[in-house]
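What follows is chain A paired twice: with chain B in the first complex and chain C in the second.
So, the complex of A and B:
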C-alpha cells in the first residue's frame, strides 16, 4: 500500500469518523472537520505536477484478486492527475460552501450528507486513479450510488426521490453495460490492466469483439456523462442540495464518462466508429442541451441543460481529436490533436465557471428563496458581489474575451474547422456540419447566458414574489465562488499556466502514440489569432445570440417554449410504468393466492427441470434392468402390494371422511408390513406406532373438520390435475428404474460397510440402525427432536391461542 | 421384487399428487401423507431388497441389509409425522377461523 492507495481510501476512512464528529461536536458544523481532508489531498497532489519536462507516469500495485487478474493498481499520469486535482480542489471548495449553505440545524442530518459526499469523493478518486478495469467498475458504481443518495438527501421531497431513482436506473444500467464491455476487452487481451490493453491496441482492432466492446463501454460513458438521449436524469438530479449539484453534477461525476473515453482513446481511437459515435453524440447533445436550456425557467435547470450541452462539447472534441490516433508517429499532426487540447482545456474551464455559477445560483436561492427567473430581477445592486461573480462566470460560459471560456471555445471552433479537412472516415461528405452545429450551439449558449444574467440581475426588483428579503450572502458562502471566478480570470489571462502543467501531460496520456521517444506536446494558448474564421464565428455568435434574446418575447408563448420538460422523459416514464405494470401482471398471474396453483407450478417445474436434466445429460440407462421375475415375489408380498395399490387408487374417489381415514390407515399399516418383509424391523415398529397415533389424531380432527364435499371440478381442471399427477408418478418411476438398473452395474461399494464393521468397536451397539441414529448421526437426531418440539409447540399454540379480531389468519 | 415396488411407489406418488392438487384441505393433508409413504418406500427399494439379514449384528449373518437408508427413513417417518400433525391442526384451526376448508374460498385477504 502506497501513499496513493491511502489517498483513494482516505475519504472512506474519514467517512467512518464523520458520525462521531457530528455527535460529539454538535455545536461545530461537521463540514469544518470534513474540509480538512480534500484540502490536504489537494495540496499533496499538487507536488506531482510536472515542473519542466514531461510527466513520468507512476504505477503502484496492490494485489486484490491476483488469480483473476484483479489488482488495485494506482496509475497516476497527466489525465489522472488533472481529474484528481479537480476532485479534491473543487471538493474542498464545495465543502467550504456547504458549511454555509446547509445550516447546522437540529434536525438536519449533516452526518448523512458528509458521509455520502466523502464516499463519492473516494469513489471518484478510485475511478480516476485505478488502472484495473474491474476496480474502476466498482468505484464507478459507488459514484452512482453516492450520487443517488445525495440527490435524495432531502428524501421527504417526492421530486428528490424521483430524481435519485432515475439517476440510479440510468447510470447503473450504463455501468452494467460497461462491465460487459470490460469483460469483452478481457476476452480479447487477457488482462484487466488499461496500460497492458493499450500495449495490445494494435492487435485487437480486427477482433470481432472489438466493436461490441466499444459500444458497450460507450453506453456506460454516455449514461454517466449525460449524453443525448440519456441526459434526462441530469435535470432531475438538480433536486440535490446545490453544493452537490456543483460538485457531482457539473464538475466531477458527470465527467467520469469523459474520463473513461479519454482514457480508452489509445485503445479505440483511430477507428471510424469511435470517431463518428463520439462526434455525433457529442454534437447532438451539445445542440440539444443548449436549445433546451433556453426554455428553462429555473436557474438550476438552465445550468443543468448547460452542463449537458458542455459535456457534449467535450465529448465531440474527444471524438474529433481521436482522428489523430489514426496517424502514426511519423505524421505527427497537431492539426487534429488541437481538438483534444481543447477538450482538456475546456474540461478545466468548465469546472471553474460552472462551479462558480452553481454556487452563485445557490446563493440566489438561499438569499431570495426562489430560483425562478420569472420572479427574480434587479438583484445587481442588492447583491453586488454575487453579481460580479455571475458576470464573470456567464461571460466565460458565453465565450467572451478575456475569460477562459473564450479561449477554449475558439479552440473548439478551430478543432471543428480542422476536422473538416480530414481525409479519412468519409468526413469530406458531412464534415462541413461540424463547425455549423458548433456555431449554432454557441449561439444558443450565448443566448441562455444572457437570459440568466438579465433576468436575474437587471430589470425590476420584485420583493413581493420572493420568499425572503434579498440581501448579500455571508462572506463564508462567497469565498468558494470568488476563488473559482478568480481562476476563470487567471486562466483567461494566463492560459499557459495550465499549458505544460496540466494540458500537456493529459494530452500525453490521451494520445500517447503521437509522441516519439522523449517528445512532448507544445501547448501555447493565446488570445489574438488574427482575423481568422474563428474570430468571425465568435462575432457571429454574439450578434445572433443577441438577436435570439431580443426576439425571445415572440417565442415565449409557443408550446415549444412553455413545455420545459424534455420530451424524452415521456419515454423514461412510460418505460418505468410499463416495467412496473408488466411485473405486476406477471405477479398477478403467478400469485393467485390459491394453494393448488402454487403446488401445480412447483410440480410442473419439477417435472420439466428434472426430466430435462436427465434427458440433456443422457443420465437414464435401462440396459442392465433385469426382467421382472414373478417367481421371486412371495404370495404374501403379492397380497400386500396389490391391496396397497388398490387402497391407494381408491383414495381420490372417497367421499366420506371416515372411509378416507380408514383407507389411509390401511395404507400406513401395509407399508409397515412391507418393512417387515424387507427386513427393516426398526422401521416397521416405528411405522406401526406412528400410524396408530396418526389414525387417532385424524379421528380427533375428523370430529372438528367438515364433511368432505363432492368437489365440483371442470373437466379441464380435472384433466390438468390428472396430467400433472401422472407426469409426477411417471417421472419418479422412470428415474427409480434407471437408478435400480445402474445400481447393478455401477460397481460401487455401499458406504454402509463401514457401519457393519464399526458398530460394535466404535459405538458398542448391535442394532446398526439404532447406532447410526444415536451415535454416528447423533446430531441429526438431536435436531430431529428439535423439529418435533417445534411442531408440538405449533400444535399447542394453534389449538390454545385465542386470536383477537383483526388478525389476518 | 424391486420392479414391483417401484411401480407401487409410482402409484402412490401419482395419487398423492392428485390429492394435493384438489381444493379440500383435508384431502391435501391426506395426499401429503401418501407422498411421504411413497418417498420412504422408494428410499428403501433403491437400497436393494431382500439381500441379507436384518441389520442386527446379533444375527451373526453373512450379509446384512443396508442399515443407512433405514436410519434415514426412520428419521423421515418421525419428521413427516410431526409435519402431518402440525398440518392437521393447522387445517382444523383454519376451518375454525374461516368456516371453510375450501382452498378456493381461502385465497387472498381483505388487504388486497
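So, the complex of A and C:
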C-alpha cells in the first residue's frame, strides 16, 4: 500500500469518524472537521504537477484478487491528476460552502450528509486513479449510490426520493452494461488492466467483440454523463442540496463518463463507430440541453440543462478528437488533437464557472427563499458580491472574453471547423453540420445566460414574492464562489498557466500513441487569433443570442415554452410503471398462497431441467436393471422395502393430519433402517433424530390448523397432479438407475475416494462424514446453519410480531 | 378425573439424562466415530423436547432458563470465529488445524479446531430446533 492507495481510501476512513465528530462536538459544525481532508489531499496532489518537464505516469499495485487478474492498481498520469485535483479541490470548496449552506440545526442529520459526501469523494478518486477495470466498476457504482443517497438527503420530500430513485436506476443500468463491456474487453485481451489493454489496442480492433464492448461501455459513460436521451435524471437530481449539485452533478460525478471515454480513447479511438457515436450523441445533447435550458423557470433547472449541454460539448469534442488516432502523420494529427485540447481545457473551465454559478444560485435560494426567475429580480444592488460572481460566471459560460469560457469556446469552434476537413468516415457528407450545430447551441447558451442574469439581478425588486427579506450572504458562504470566479478570470487572462501543467499531460494520456520519443504537444492558448471564422462565429452568437432574448416574450406563449418537463420523462415514467405492474402481475400469477401450487411449480421445473440435462448429455441408462440380481437382496431388506412402499402408497388416501404425520414418520424411520443396512450410521442417526424432532414440530404446528376440509377437485386437476407426481417419481428412479449404471461403465472416479484417502492425513479424523462437514466443506455447513438460524428468526417474527388485519406487506 | 402422569414423569427424569449424556458423547465422538455437532445438537434438542412434552412449559422454563435465540447467535459467532482464526496464520477462511497432544488423564489426545466449530454448529442446531418448536407451542392466538 502506497500513499496514493491511502489517498483513495482516506475519505472512507474519515467517514468512519464523522458520526463521532457529529456526536461529541455537537456545537461545532461537522463540516469543519471534514474540510481538512480534501484540503490536505489537494495540497498533497499538487506536488505531482509536472513543472518544467514531462509527466511520468506512476503505477503502483496492491494485489486484491490476483487469481482473477483484479488488482488495486493506482495509475497516476495527466488525466487522473486533472480529475483528482478537481475532485479534491472543488471538494474542499464545496465542503466549506456547505458549512454555511446547511445550518447546524438540532435535527439536521449532518453526519449522514458528510458520510455520503466522503463516500462519494473516495469512490470518485477510486474511479479516476485505478488502472483496473473491475476496481473502476466497483467505485463507479459506489459513486452512483452516494449520489443517490445525497439527492435523497431531504428524504421527506417526495421529489427528492423520486430524483434519487431515477438517478440510481439510470446510472446503475448503465454501470451494469459497462461491466458487461469490461468483461468483453477481458475476453479479448485477457487482462483487466487498462494500460495492458491499450498495449494490445492494435490487435483487438478486428475482434468481433470489439464493437459490442464499445457500445456497452459507451452506454455506461452516456448514462453517467447525462447524454441524450439518458440526461433526464440530471434535472431531477437538482432536488439535492445545492452544494451537492455543485459538486456531484456539475463538477465531478457527471464527468466520470467523460473520464472513461477519454481514458479508453487509445483503445477505441480511430474507429468510425467511436467517432460518430461520440460526436452525434455529444452534439445532440449539446443542442437539446441548451434549447431546453431556455424554457426553465427554476435557476437550478437552467443550470442542470446547461450542464447537460456542456457535457455534450465535451463529449463531442472527444469524439472529433479521436479522429487524430486514425492518422499517423504528425502534422495532420495536431490539427485534430486541438479538439482534445479544447475538451480538456473546457473540462477545467466548466468546473470553475459552473461550480461558482451553482453556489451563487444556492446563495440566492438561501437568502431569498426562491429560485423561480419569475419571482426574482433587482438583486443587483442588494447582493453586489453575488452579482459580480454571477456576472463573471455567466459571461464565461456564454463565451465572452476575457474569461476562460471564451477561450475554450473558440477552441471548440476551431475543433468543429477542423473536423469538417476530415477525409475519413464519410465526414465530407455531413461534416458541415458540426460547426452549424455547435453555433446554434452556442446561441441558445448565450441566450439562457442572459436570461439568468437579467431576470435575477435586473428589473424590479419584488419583495412581496420572496419568502425572506433578501440581503447579501455571509462571508463564509461567499469564499468558495469567489475563489472559483477568480479562477475563471485567472485562467481567462493567463490560460497558459494550465498549458503544460494540466492540459498537455492530460492530452498525452488521451492520445499517447501520437507522439514520438521525447515529443510533446504544444499548448499555446491566446485570446487574439486574428480575424478568423471562429471570431465571426462568436460575434454571430452574441448578435443572435440577443435576438433570441429580445424576442422571448413572443415565444413564451408557445406550448414549447410552457412545458418545462422533458418529454422523455414520460418514457421513463411509463416504463417504470409498466415494470412495476408487469412484475406484480407475474408475482400474482405464481404466488397463489397455496403450498401445493409451489410444489407443483418446483417439481415441474426440476423434471424439465434435470430431464433435459440427462437427455442432452445422453446419460440415461437402464443397464443396471439388467445387472439386478434378486439373490443379493436379503429377506430383511425385502421386508423393509415392501413396508416402505406400502406406507408411501397409503399417504394420498389419508384424510386426517395426525395419521398423516405418523405415516410420514414411519417412512422416515424405515429409511433410517435402510441407512443402517447400507452401513451409513451417521446418516441413520441423523435421519432418526430429524424424524423425531419433525414429528413433534408437525404435531405442534397442526394443532393450530383447522380440520382438513373435504375439497372437491376437478378430474383435470387431479390428473395434472398425478402426472406431476408420477413424473417426479419416475425421474428420480431413472436417475438412480442411470447413476448406478454409469458408475460401472463410464470409468469416472467417484469423489468419495478422495475423502477416503484424505480425511486422516489432511484433517486428522476417521469419520469421513463429519470431516467433510466440519473441514472439507466447512463453509457449506456454516452457511447451512446460518440459513437455519434465519429460518428460526423468521418463525419467531411471523408468530410473535403478527400483522394486524388490513396491513399489507 | 385428573390424569396421572407419574409413569411418564419418572421415566422422563431418567431417560432425558441418559439421552443428554449420550448426546454429549456423540458430540465429542464426532471426529472419529459416528456423531458430531449436528447429530449431537439434534439429540440434545430431542432430550429437552421430551422434558417439555412430559412436563409443562412453565416448569421446564424455570429449570432450564436458556434463551435460545442468544444460543443461536453465540453458536454462529463461535463457528465464524473459528473460521476467522485461520487468518492469523495467513490461511484462507475456515482452514482447520489438528495436532496430537499428550494430556494428563486422557493420554494422547487429538485436539482440533474442528471441535469449537462443531460446538458452534451444535449450539445453533439446539437453538433453532427449540426456538422454532417453543415459539409455535407458546402461540395461543
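Observations, loosely collected:
We take it that the second predicted complex is superposed on the first by the 633 of 809 C-alpha atoms of A that agree within 3 Å, B and C clash if a C-alpha of one lies under 4 Å from a C-alpha of the other, contacts with A are read in each partner's own complex, and residues count from 1 in each chain.
FYI, a contact is a pair of C-beta atoms (placed from the backbone, for glycine too) under 8 Å apart; a residue touches a chain by one contact, two chains touch by 3 or more.
In this text, all values refer to a predicted model and were calculated from it rather than measured experimentally.
By the touch criterion defined above, A:464 reaches neither chain B nor chain C.
Using the contact criterion defined above for the overlaid structures, shared-chain residue A:557 touches neither chain B nor chain C, since it reaches no partner. When the two complexes are overlaid on their common chain A, residue A:107 makes contact with neither chain B nor chain C. When both complexes are overlaid on chain A, the residue A:158 reaches neither chain B nor chain C. When the two complexes are overlaid on their common chain A, residue A:739 makes contact with chain B while staying clear of chain C. In the superposed model, A:763 lies in contact with chain C only, and not with chain B. Contacts of A:681 after superposition: both chain B and chain C are touched. Legend: residue contacts after superposition of the two complexes on their common chain; A:623 is shown touching neither chain B nor chain C. Within the superposed three-chain model, A:651 lies in touch with chain B and out of touch with chain C [touch as defined at top]. Greater residue coverage of chain A by touch, when chain B is weighed against chain C, goes to B.
In the superposition on chain A, the residues of chain A touched by chain B in one structure and by chain C in the other are 681-682, 686, 690, 693, 697, 701, 704, 766-767, 769, 773, 781, 788, 791-792, 795, 799. Residues 1-28, 30, 33-34, 37-38, 40-42, 44-50, 52-58, 64-68, 70-71, 73-75, 77-79, 81-86, 88-98, 100-104, 106-112 of chain B are the ones that touch chain A when the two sit in their complex.
Across the complex, chain A is touched by residues 26, 29-39, 42-43, 45-46, 49, 53, 69, 72-73, 75-76, 79-80, 83, 93-94, 96, 98, 100, 110, 112, 114, 117-118, 120-121, 124-125, 127-129, 131-133, 135-137, 139, 141 of chain C. Across the interface of their complex, chain B is touched by residues 592-596, 599-600, 603, 625, 628, 632-633, 637, 641, 644-645, 648-649, 651-652, 657, 660, 664, 667-668, 671, 674-675, 678-683, 686-687, 690, 693-694, 697-698, 701, 704-706, 708-709, 711, 721-722, 724-726, 728-730, 732-733, 736-737, 739-740, 743, 750-752, 755-756, 759-760, 766-769, 772-773, 777, 780-781, 784, 787-788, 791-792, 794-795, 798-799, 803, 808-809 of chain A.
Per the touch definition, chain A reaches chain C in the complex via residues 681-682, 685-686, 689-690, 692-693, 696-697, 700-701, 704, 763-767, 769-771, 773-775, 778-779, 781-782, 785-786, 788-789, 791-793, 795-796, 799-800, 802.
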